[in-house]
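One structure is given below, encoded as structure tokens.
We just call them A, B and C in the order they show up, numbering each chain from 1.
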Amino acid sequence: MSRFASRRWVLGAVTLGLVLVALLAPVPLAGPAPQERHISVNARTFEFDPSIVRVNRGDTVLIKLQAEDVVHGLYVDGYDVSTQAEPGRPGELRFVADRAGAFHIRCAVPCGNLHPFMIGKLVVGPNLTWLRAVAASVIAAVGALAALWRP
Amino acid sequence: MRWAISEVPFVKRLLLGRWLHWSITAVTLAVFVVVILTGIFGTPAGNHNFGIVYVWLVWWALLKIVLIPFLGRFWCSVCPIPAPGEWLQRRAMIQPRPGGRLYTLGRKWPKFLRNIWAQNFGFLAVALFSALILTSPLVTGLVLLAFILVSLVTSLVFERRTFCRYLCPIGGFVGVYSQMAPVAVRIKDPAVCAGHKEKTCYIGSDAGYGCPYFNVPSKMVDNTYCSMCGECLRTCPKDNIAFYVRQPGADLLHTKGRRLDEAFNGLMMLGAAFVYSVVLIGPYGWLKATARAVGTPGWFVYAGVLLIFNAVAVPGLFWLCVRLGQALSRKPAARTGAGGARTPGRRDSLFADYAAILVPLGLAIWVAFTLSFTLINLSYAWPALSDPFGWGWNLFGTAQMAWTPYVSGLIPYLQVPLLLAGLVGAIALALRTARQHGQPAWSAVPVSLFCLAAVVGLLTLYLA
Amino acid sequence: MKRNLFAVMTVLLVLIGLPAGLFGYQAWRTGQLAWAAGVRVVDIVARSPEQGGFAPDHLVLKAGEPVRLRISSADVVHGLNIPGLGVDVKEILPGRVVEVDIKPEKPGRYAFACTRWCSIDHWRMRGVIEVKADAAHPAAQETQTAPLYQKLGVNLDAVWPMDGPRPAQTPSAERAAAASGGLPESLLDPSQRVATAPADAFRQLRADPAHSQLGDGEIWDQVAWAWLHDVKPETLSMAGSLYSRDCAACHGPQGKGDGPAGRNLPGMQKMDATGDGASPPAGPADFTDPARMLNASDVVLQGKILRGGMGTRMPEFGSLYTDDELWAMVQYIRTFLFQPAGK
């Protein structure tokens, strides 16, 4: 095998390994102590306000959904919980944020034509999912360049 | 590295016969009829309208996640839009007319349009209206009806599949991305073609029609304009063409002499993925409403920004990266005499050649984007099947099934590996492009960083 | 050629047969009910009021005729309530069809309304079903009773006084339960105190020498007792769900007048927001505001709910609520300021 070829395989394997580490290695992060969070989310066509809800891992999250104009719902990706609300009748959602990462929140009740695109985010803990993905991307890019570099 | 799957007798019979393509087309045509009818006459509520659900959720997901990555441009060979026009043009559906004769006015498509620029701008035009199209059954129905009528007219005025090759906005990016597919139709032995002057693969014969996409098989080196319809297999008297299973993305390994229109398509599709991710998947309700309010002053501003971003900013930034790469390598691109493999005599265009790295990246990004809404909303397919018009039917008992997002927590775990794979593929291709142009590897670094920035940007939109 | 023929025939079948089949199925499906079972089918499409509301919003039916209402929504979630006919569809999802069978027996006019908040103009989404009399179902001899406020000559649109006595703490009927002896009949009997505002009742009790040793707070508790001693929990619960469905969007779930649908309502110019306490503040009424509520008598509250109007976008509920429901609502509104007994 030529020097280039063997270098390519070695560097490729190292890159793959580092990418896997970045994506999967458990990170012992002692986050803040879990607390109860009361968050009021307003829903209007076609957005949530606040559009990004941030909590810490382990928090007990109580979301009070208040609709401003029509019947809306709130569904959380990954946690698979939902509630609905309309003006004057708020909805409540209660769950423990035991999974870290970024989760889309979506409207769960048809509220108009752009309803499938009524999307917000719940970020639990330091956004490790995003950090890992970005780290993995940088490692992959550098690794690919290094492995396949031919001056 | 390729294997001729069409040499397997059973497969050969299937592919050479016309029933396979025709029967699938009959099914897609039937679905298309229902789509148009439900779009125009059915409920305006998009979630429960067969037209919206089966075009923008089911068909789109199939196209992006299965058909293009694995079967290249195969969808085009069974697409219902050109089908009636082609049947009328051929005055045949199964048994071909003698000599592969076409009954059209025979007008020639203008030379300046014999590229995919019309398709590029067609896609941008559709993108401008997409917030409205995707959420209005009536508009979806009318747009698709318009497509099939235009296709019908072009089939009878011009020749072959002019609509598919030069006009269809979908065909533009399907063709460019199909270079990634692990299948290809190619000639077996160039020497055989060199000795065969009649070129029935292009002209047609009693056995079949000339290539509907204006390809000359002996010159075909990529999948971009081949829908794998099999006509050339039927008309070749030397049995010198085959369906191959091959290394994915092999078309991109020849990095020289790439076309500018295809390069622009790759750039524009990247920009479009970003725009859709911000407007549709992002949290800005006012932006979505503006994007849908076609004709309002706000929408014109949005349209202007979208056009400038896709047609000027993204290609401009990429061009800067190519230039920066050349500056870093302190060596201009080698001006070889006879261009690349595909367009002899064409001036070497480093910009277009580098833009090809956006094919693996762009395909990965579009699959990731498609995943972000498909699995969540796929459950709309079941009620839409039982009650396509939203009239209270229950044909298959599934009309009352509630919206159920599927494996919503899994989506990021699918998107991230895809984006990483696309990124690595793009960078590998960039380094190869530099090498094949006689440039040092530094020349590929800025465009590689461009790809990294695109991936990080998208990850931030989805995950942060 | 035979192969071509077969292929062409199949495609023609698809192109012609499919539309024929689809529309034919729909015609058969609706016709089957009408012709076979003799049931009249009426399609009602619900849209946001800006897009037309209910279509149709005026139905003419025959008394005794079975009718199947097929209600669908074209945009957002709606509801349909026809109180006089016992129809209460709580949810019409867009793209779905809800079927309700009715057989109106008594001729008359029946109002119907949307019950899910579907737009800023949701309160306007109403309709009327006219049931025509015939030989078998003669029209009842309707004695049109004037609303109570008209009979008593009360001007609903008069500007309320905003001054007067205020309690220092929430008056509680519970606290007054023990020492409630001695309250005059004119205050204990709802039909006699109907034109008396709680502030007037306070003044009346305060002036009575029999209560001279009671503090102001205790007198207020007696007022609360007068108003709420006979209210049943089921009444409050029923009124509470009506309030939550029809009123909370503007008046707020806690009655503070801070409901999301009540913001930026046009027509608020009548009330000026001087904030000096001399005139009511702009916006939907705050039922927890003593200045406003203690000067309102029951007949005024009932009249406003019944008639609406006043140029403030307050809808009328006289056509939708029964008398019992109207008075129950008045009592429920009092509980925003007075604590009921047994709490």
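Side notes on the structure shown:
Here, a contact is a pair of C-beta atoms (placed from the backbone, for glycine too) under 8 Å apart; a residue touches a chain by one contact, two chains touch by 3 or more.
This one's a predicted model, so the numbers in the text were calculated from it and none came from an experiment.
Ranking all chains by how far their C-alpha centres lie from the centre of chain A, first place goes to C.
Between A-C and A-B, more C-beta contact pairs are found at A-B.
Ranked by how close its mean Cα position lies to the mean of all protein Cα atoms, the top chain is A. A straight line joining the Cα centres of chain B and chain C is 55 Å long. Mean C-alpha position of chain A lies 42 Å from that of chain C.
The distance from the centre of chain A to the centre of chain B, with each centre set as the mean of the Cα atoms, comes to 30 Å.
Contact with two or more other chains is made by residues 75, 93-95 of chain C. The set of chain A residues that touch two or more partner chains comprises 110, 113. The set of chain B residues touching two or more other chains comprises 44-47. Those residues of chain B that touch chain A in the complex are listed here as 44-47, 131, 135-136, 280-286, 288-289, 292, 372-373, 376-377, 403, 405, 408-409, 411-412, 416, 419-420, 423-424, 427-428, 431-432, 435, 440-441, 444-445, 448-449, 451-452, 455-456, 459-460, 462-464. Contacts from chain A toward chain C in the complex involve residues 42, 66-71, 86-90, 109-113. Chain A makes touch with chain B in their complex at residues 19, 23, 44-48, 51-52, 75, 77-80, 99, 101-104, 106, 108, 110, 113-121, 123, 127, 129-130, 133-134, 136-138, 140-141, 144-145, 148-151. Residues 22, 26, 29-30, 33-34, 37, 43-49, 84, 87, 92-95, 383, 387-393, 399-400 of chain B are the ones touching chain C in the complex.
Those residues of chain C whose C-beta lies close enough to touch chain A in the complex are 75-77, 93-95, 116-120, 244-245, 247-253, 259-261.
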